[in-house]
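Below you'll find the structure I mean.
Order as written gives the chain letters A, B, C and D; numbering starts at 1 within each chain.
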């Protein structure tokens, strides 16, 4: 059994990791680190795990676990690792954004690999340290990687994506206050979202000359889970060819479905899947991409990376019943 | 024009008061007091009033306004009034629970009248100081007053009522966090809600020997506005008679509708109305009562009380378009 | 008093009209035509109007009313008018899309004027027949008219707009089924929405050489009311100038607010207002525009047109309390 | 592998069954019967199963499957079985209400066992034909069975339960129309719900002299999944003893958790679990019970029954990640 530690155990991505680890057939939760809740039962925060998880939160790490998941606020992982050394045998998966960009990927002798299996599966299998992708970044990259691989991203891409309120985390705030958020919609960080950096990096990895702009408007949606993204860009080859390229790129991918039917956000909710729909609209290619921000966009993908690193079947513990409704 | 001051101007009941005062044909907003936002435009918090309200929040009161509305946290009105004396001509309407019970109703020489017009209209018209009823208390009293007036409350009343998230106020908290509250339901303070006191007081005002129990479960609902209450108690007279009693009690009431059709919460949302439905279920009388917690349950009723105190038509400024959907 | 008839009285836009007419100080509901509900009380369908509207639905028109509102399905107004002649003195306001395009605007000797007051106020005041704009069309035009007037629309406009479920009408369907729609998001008619025609027509009215494309993705949102739209296009003059142009264009408009603060959908819900936010994002101008689809996007604007046609103050009956939450 | 057929394959309970069967390690979907969709891919209706289920709907049954699930409208199972005979070796699990009452339980030589494992596990293991309990009935029985077993139900039980919109099924209707249902609440069939029959039957099975009334108000909630129920009745023994009784009754139950902490609906959503909270309120015992109406309240419990009938571990295929948010 893989012994797993979870750091920052009170938050949403940690909770989702624990829900996945609780039933993972080849991993077990060794400790759940939370300074604010140390000593209390894990189920005092993640109450739905009553009967499944019997640990208390701890403020002491076990530095010899096989894998540790960092579920800290963005920018806090480096400080944590500096202060809390783990065994050289401990694999580390960071769910924050500390190590995603190549310029940040070498830290204290540890080389972090960008953990998007559909892009970097081989490298992930050999890695000891993983930078787990951002949620918007996952949705958008999966929508664009096949084009990039063929060098077909020759123009600006217009991207509009709406995220659920869990994306803002467990800490109550004005824009995640139920009276405000319900029945509402708004945008934030238009054209300036921090995920554009990692998306660009991946696109250039496949299409080195990619120079176009990603014009990205992120929205706050009136739902709790999921990201619904639409993207369009001029077609640079015929639509049949595009379909072929996507089907081929994702042909053996266990978590990505490509279709030309219209899709909706809830297809992906509560699963580790991404659904991608392709449509031709005049001279434009319109791509729709949906994921669950907490699963494929965070904790599910982290488990997927763990599975790959430890030589397990990639879908282990990730055959998740879709929400349906 | 009635010059009105609003104390505690950043909260939800203050916001709703401002929305009502902005279009009230015979009142005007004189000042909006908020220590935390003093100096900022009122529309920096209540952004939907852009173009309608041009004042800044202030930390200075005008002690000579005609009426002041206290929109403070429960238990803070006494301290505020002690520290901030108003002119003897200033009428005061307290939206908190400081003065609702008879034992609390005389403060610093000021006699507060319980401001439920359907119970105390005459006294309100003559009053200078009003204790505005609680939101659950309004919903439940309007459902029971006609029975009490006829001395027909002879048994325990079983009450289940669900409130929207605005009932918890503007301050973000765990149970009003959008990811938690959405798609969820829970109860709190079952059998122990603080509004039972004022309900009992009103029932005894009409039926002095009332001794039965109000078994009341309040729930947190997955919506932002409104209270949906069901109440049942054994029928102590025949159902035709009950209908007659309710229709008679509310015959001239501008804001209460009685029906035997099934009703739903949204009928009352965004209005100052209460809809009451009566049904016989075997030996029981089942009463359904719905209001908007921020309007009839708070700020709308406060305006209604203001109208009565100043000799205006009771519905002035309160002919509000129902939400519909 | 203006005597008003409503055709297609069971639907959402008719319901909203009735809610507005019920309290309109200078209009009264003369009849509500519905073949499916004839003989039943209007409140059997629009139950929230209990106590306010005492009419029954009728299948007989009064051809001498002062104004008639057509709330029929798109494409049914012509057939209705052909079969049901009104007095030459009866003004007609069509909420469908039958007469919006210039090529459709002359019917049976009646010249319909496109009823967007911010574009055609003068013509509306003199008109007898009005084609009330579409909801998406209203949101988008109000966001673009100032640029068009100055001839500044020189490039494609990228538009993403999300509508509430009331936009789909009263008839239950798969995509307005609560279990499906809740927590969900999807798009439809991308780049092909029928409202693009009337938007283009208005832009060309102000900027005759307008030839660029409106790339418009409409989405189904997880809320009941409102349209949230973002639009961007390259800046063709400096941003200060753009702000000045918008402020000037809307300076005397009672229902349009322009700001550079970030805005959200709910500011406009339950009101006849449009909020527009302007931001510079690098070389792009980003415009956010929000309205209530049933009020400014349909029935409120219809009342606004009625007010203008009858020489009333434009805001009569339209000083609506914002929803708040 | 257990070969399973699903009848009435387009509905919500069928969809949920297919989601569970798709990943069940010891069962496989043999056919999905739907007369309306015969010939179309199962994923044309249950689109989230794209990539997992490759069958088409069929209008032909395979009468030799190991188990068949009937997901028909209430009252249609008898007619279906009469017209479509299965092998004597085929086990049948009916998700409708045709066979739940003892008076209905013998049909055409088949003896149906009421499939509530926490009540009838032994009988289920030996059964060939199962009447799967109703959703409200499951929630309420699990809250009351321990008291009944000890003969402690000596008084009326006051029950208020709110269900999500999926409880009304896939067919769009006025009360499941998104604009109406969202932000709304209403009750239906108060004191008269059809599930009271099966609840009473089970309580009498454990406490033969049970004669008190179940006063049950079912509500329509503003969420898609789950049932939130509160029940209270006078305490007939001390509260410590009650806790002990519940803990003992459910000590080996894999899907029932008993706590004295406050709970909320979402703990159970997307799982086959029931969470029960016990509180003393003066002389009353207050019980809160939550389940997912489509899982433990329907399809999950059906799989649980299948597992028991085929000698599998009861939790097989039912270790479902909780929704979280």
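We take it that a contact is a pair of C-beta atoms (placed from the backbone, for glycine too) under 8 Å apart; a residue touches a chain by one contact, two chains touch by 3 or more.
By chain, with names taken from UniProt: A, B, C, D = N-acetyl-gamma-glutamyl-phosphate reductase.
Since we're looking at a predicted model, the values are computed, not measured.
Ranked by how far their CA centres sit from the centre of subunit A, the chains are topped by B. Ranking C-D and A-C by contacting C-beta pairs places A-C first.
With each centre defined as the average position of its C-alpha atoms, the distance from subunit A to subunit C rounds to 40 Å. Rounded to whole angstrom units, the spacing between the C-alpha centres of subunit B and subunit C is 34. Averaging C-alpha coordinates per chain places the centre of subunit C 46 Å away from that of subunit D.
In subunit A, the residues touching two or more other chains are 12, 164, 166, 179, 182-183, 223-225, 263-264, 266, 325. Subunit C meets subunit A in the complex at residues 158, 160, 162, 164, 179-180, 182-188, 190-192, 215, 217, 219, 221-226, 228, 230, 232, 262-266, 269, 279, 281-282, 284, 286, 288, 325. The touching residues of subunit D, when paired with subunit A in their complex, are 12, 15-16, 19-20, 23, 47-51, 166, 182-183, 224-225, 257, 259, 261, 263-264, 266-268, 270-271, 273, 275, 294, 319-325.
Residue ranges on subunit D touching subunit C, taken from their complex, read 12, 164-166, 170, 172-174, 176-179, 181-183, 223-224.
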